[in-house]
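Shared between the two complexes below is chain A, which has chain B as its partner in the first and chain C in the second.
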Partner chain A sequence: MRSIVSLILLVVIAVGFGLALLAIPFGAAKTEVGDHYTANGREDTGASNIVTSVVVGYRAFDTLGEITVLFVAALGLGAVVATGSRGNDRREIEPASLVLKTGCRLLFPLILLFGAYVFIHGHVTPGGGFQGGAIIASAFLLVYLGCRGRRIGRISSTVAESLSGLVFVVMGLLGLTVGTGYFLSNFMPHGVLNQVWSAGIIPVIYVAVGFKVGSELAGVIDKLVEETG
Partner chain B sequence: MSFLQSHAYYIGAFGLVIIGLFIVLAKRNLIKVIIGLSILDTGINLFLISIGYIRGGTAPIFSRPGIEPAGMVDPVPQALVLTAIVIGVAVLALALALAIQVYRHYGVLDLRKMREQRW
Partner chain C sequence: MIIVVSLLVLVMLGAAVAALVFRDLLSAVIASCMVSLLASILFFFLQAPDVAMAEASIGAALITAVFVIAIRRTSRYEE
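Moving on, here comes the complex of A and B:
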C-alpha cells in the first residue's frame, strides 16, 4: 500500500519535472553570470581555474558559509557520538594482514603529498581545497583500515581545524582593512597567470580550506571508528 | 535530434533522483533510507552539472594559451556541486551516526517496528 502511494507520488513528480525540463535545452548557452565569470575571471581574480575564482574569489563569502555547514555537521556528529557512547565494551581489534599494513605505510605519505599538491595548485589546475581535503581524509581512512589501533591526535587535528578556519576569516578581515574595503577582497598582487604564486589571496584561502576539510573529514572518520570499534 | 538523445543527461540524473526518492518513501530499513538519500544527493549533483554543460565546451580552466572563454562550460554549477559533495559526505556521516544511536536505543532498524515500540 505504502509503496503504491509513493509510486503514484513519484510518477506525478516525474511528469511535472519532465514537462519543466522540456523547456530547458540541454547543452545550450550558459547563463549571463557564467559568461561574465569566464570572460572576466582572469582579470578580476588572477586565477586561471574559473571554478576556483568563483568558489574563492567571487563567492568566497558563500564558501565561508559552506565551511560552517561542514563544521556544524562534524560537530553534530561528535555530539551524537558523545551522548550515546557506552564506554568499555570495546571489541578486540583484529590486526590487519601484512599486505594491507605494508601498503598503508607505503601509500600514506604519498596520498598526503598528492592531497597537498591538489590544494596548493587549486587555482591553476583542476582541484582545490575541498578535493585536496577529501584526498587527505582518505589517507587517514587508509590508516584506520591498515594500521588498526592508531588514531589521529585529537588536539593536533582540532588545532589544524581551528587555525585554518581562523586564516580564512582573518584574510577576509584583512581585505576589509587593507584592501578595497569589503570583506574577502583580493588585496594581494595577482601575479602572472598560470603560476603557483599568483591570484592573490586565493591560494592562501584554498590551502586553509584544504586543511580544514581534511582535518574535519578525518575527525568524522575517527568518530565513526570510535563509535563502532 | 530525438528527445532521448537531446535529454539523456537530464533523464539519467533525474532518474537517480526518482530512485532515491522512492527508496526514501517506500523502504523501511533505516540504512536503506540513508542509502536512498545518498543516491538522491548524487542525482541532484549530476543534474546541476548537466544544466551547466555546453555542447563541445571545455573545462573552465585557462590551462594553455589559445583557449577562448566562449567555448567553456558554465563554472557556476560546478562551483556549487564542488562544495555540495563534501557537505553531502559529512551529512551522510551524521545520518549514519544517528542510525547507530537509534539501533542502540530500540534494537531495531525497521522504521515501522520502531513506531510500535514504547518511547
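Moving on, here comes the complex of A and C:
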C-alpha cells in the first residue's frame, strides 16, 4: 500500500518537473546576467579576471556565505574528533629519511610563496583566495607527511583565521558606511587594469579569504593527523 | 585536440569504474584521486583555469590525504 502511494507521488512529481522543463526552450540563453558580467565586469569592478569580478565583486556576499560554511564544517569536524579521541593508542612515529626531510624543508617555503602569489594576484591572473588557501594547506600537509611530529602553532593559526574573517566583514561594513551604501560595495579606487594595486577592495578581500581558507584547511589536516597519530 | 580530450575522458571513466570496483580501499582512493587530477586537466583544456586549480589542490591533494588518514584509522579492505 505504502509503496503504491509513494510510486504515485513519484510519478506526479516527475510529470510536474517534466512539464516545467518542457516550457523552457532548449539551448536558449536563460538569463542576460552572464552577458552583462562579461561585457561590463572590467569597468564595474576593475578586476581583469572576470571570474574574480563575479566571485568577489558582484557576488561577494555569497563568498562570505561560503567562507561561513567552510568555517562551520571545520568547527564541526573539530568537535567530532575531539569527542572521539578518548583512547590513547598512539603508535610510535617513525622518523622520515634524510632525503624526505630535506625535500620537505626546501619545498615548504616555495609552496607557501606560490599560494600567496595565487591569492594576491587573484584579480589579475587565474586563481584566487580559495585556490591559494588550498595550496597553502597542501604545503602544511607536506610538512605533516615529511617532518613527522611538527605541528602548526594553534594560537597563530586561530589568530590568522579570526583576523581574516574580521577583515572581510569590516570591509563589507566600510562599504556600507563609506561607499555607495550597500554591503561589500567597492569603495576604494579601481586603479589601472592589470596591475596588482587595482580593483579596489577585491585584493584585500581575496588575501583575507586566502588566509582564512589556508588556516582552516590546515587546521582540518592538523586535527585529523593529531587524532590518528 | 578532440583526440586528447576523448582519451582523457576515457581514462577518467576507467579510473572512476576502478574506484567503484576495487576491494582495497587505498587503491580506490588513489583511483578517485586520478579522476580528480584528470578532471582538473580537462577543466584547463575547457578554458576554466580557476576551477582547474581548485580541483587539483582540493580534489587531488587534500581529499586524498583525508581519505588516506581515515583508512589508516579504520580498516583497509572492504568486507
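Following the convention adopted for this analysis, the second predicted complex is superposed on the first by the 197 of 229 C-alpha atoms of A that agree within 3 Å, B and C clash if a C-alpha of one lies under 4 Å from a C-alpha of the other, contacts with A are read in each partner's own complex, and residues count from 1 in each chain.
In this text, a contact is a pair of C-beta atoms (placed from the backbone, for glycine too) under 8 Å apart; a residue touches a chain by one contact, two chains touch by 3 or more.
Because the structure is predicted, anything quoted here is derived from the model rather than measured.
Looking at the shared chain after the overlay, A:V220 reaches both chain B and chain C. Residue contacts after overlaying the shared chain place A:V51 against chain B and chain C alike. In the superposed model, A:F130 lies in contact with both chain B and chain C.
Which of chain B and chain C touches more residues of chain A is settled by the count: it is B. Once the two complexes are overlaid on the shared chain, A:T180 sits clear of chain B and of chain C alike. Legend: residue contacts after superposition of the two complexes on their common chain; A:S138 is shown touching chain C, with no touch to chain B. Put simply, chain A uses residues 49, 51, 126, 128, 130-131, 134, 217, 220, 224, 227-228 to touch chain B in one complex and chain C in the other. Listed in rising order, the residues of chain B touching chain A in the complex are 6-10, 14, 18, 21-22, 25-26, 50-55, 59-63, 69-70, 72-76, 78-79, 82-83, 85-87, 89-91, 93-94, 96-98, 100-101, 104-105. Residue ranges on chain C touching chain A, taken from their complex, read 49-50, 52-54, 57-58, 61-62, 65-66, 69-70, 72-73.
Across the complex, chain A meets chain B through its residues 2-3, 6-7, 9-10, 13-14, 17-18, 21-22, 24-31, 33-35, 37-39, 41-42, 48-51, 53-55, 59, 63, 66, 69-70, 73-74, 76-77, 80-81, 83-84, 86, 124-126, 128, 130-131, 133-134, 193-194, 213, 216-217, 220, 223-224, 227-228. Chain contact summary for the complex, chain A toward chain C: residues 49, 51-52, 118, 126-128, 130-131, 134-135, 137-138, 141, 145, 217, 220-221, 224-225, 227-228.
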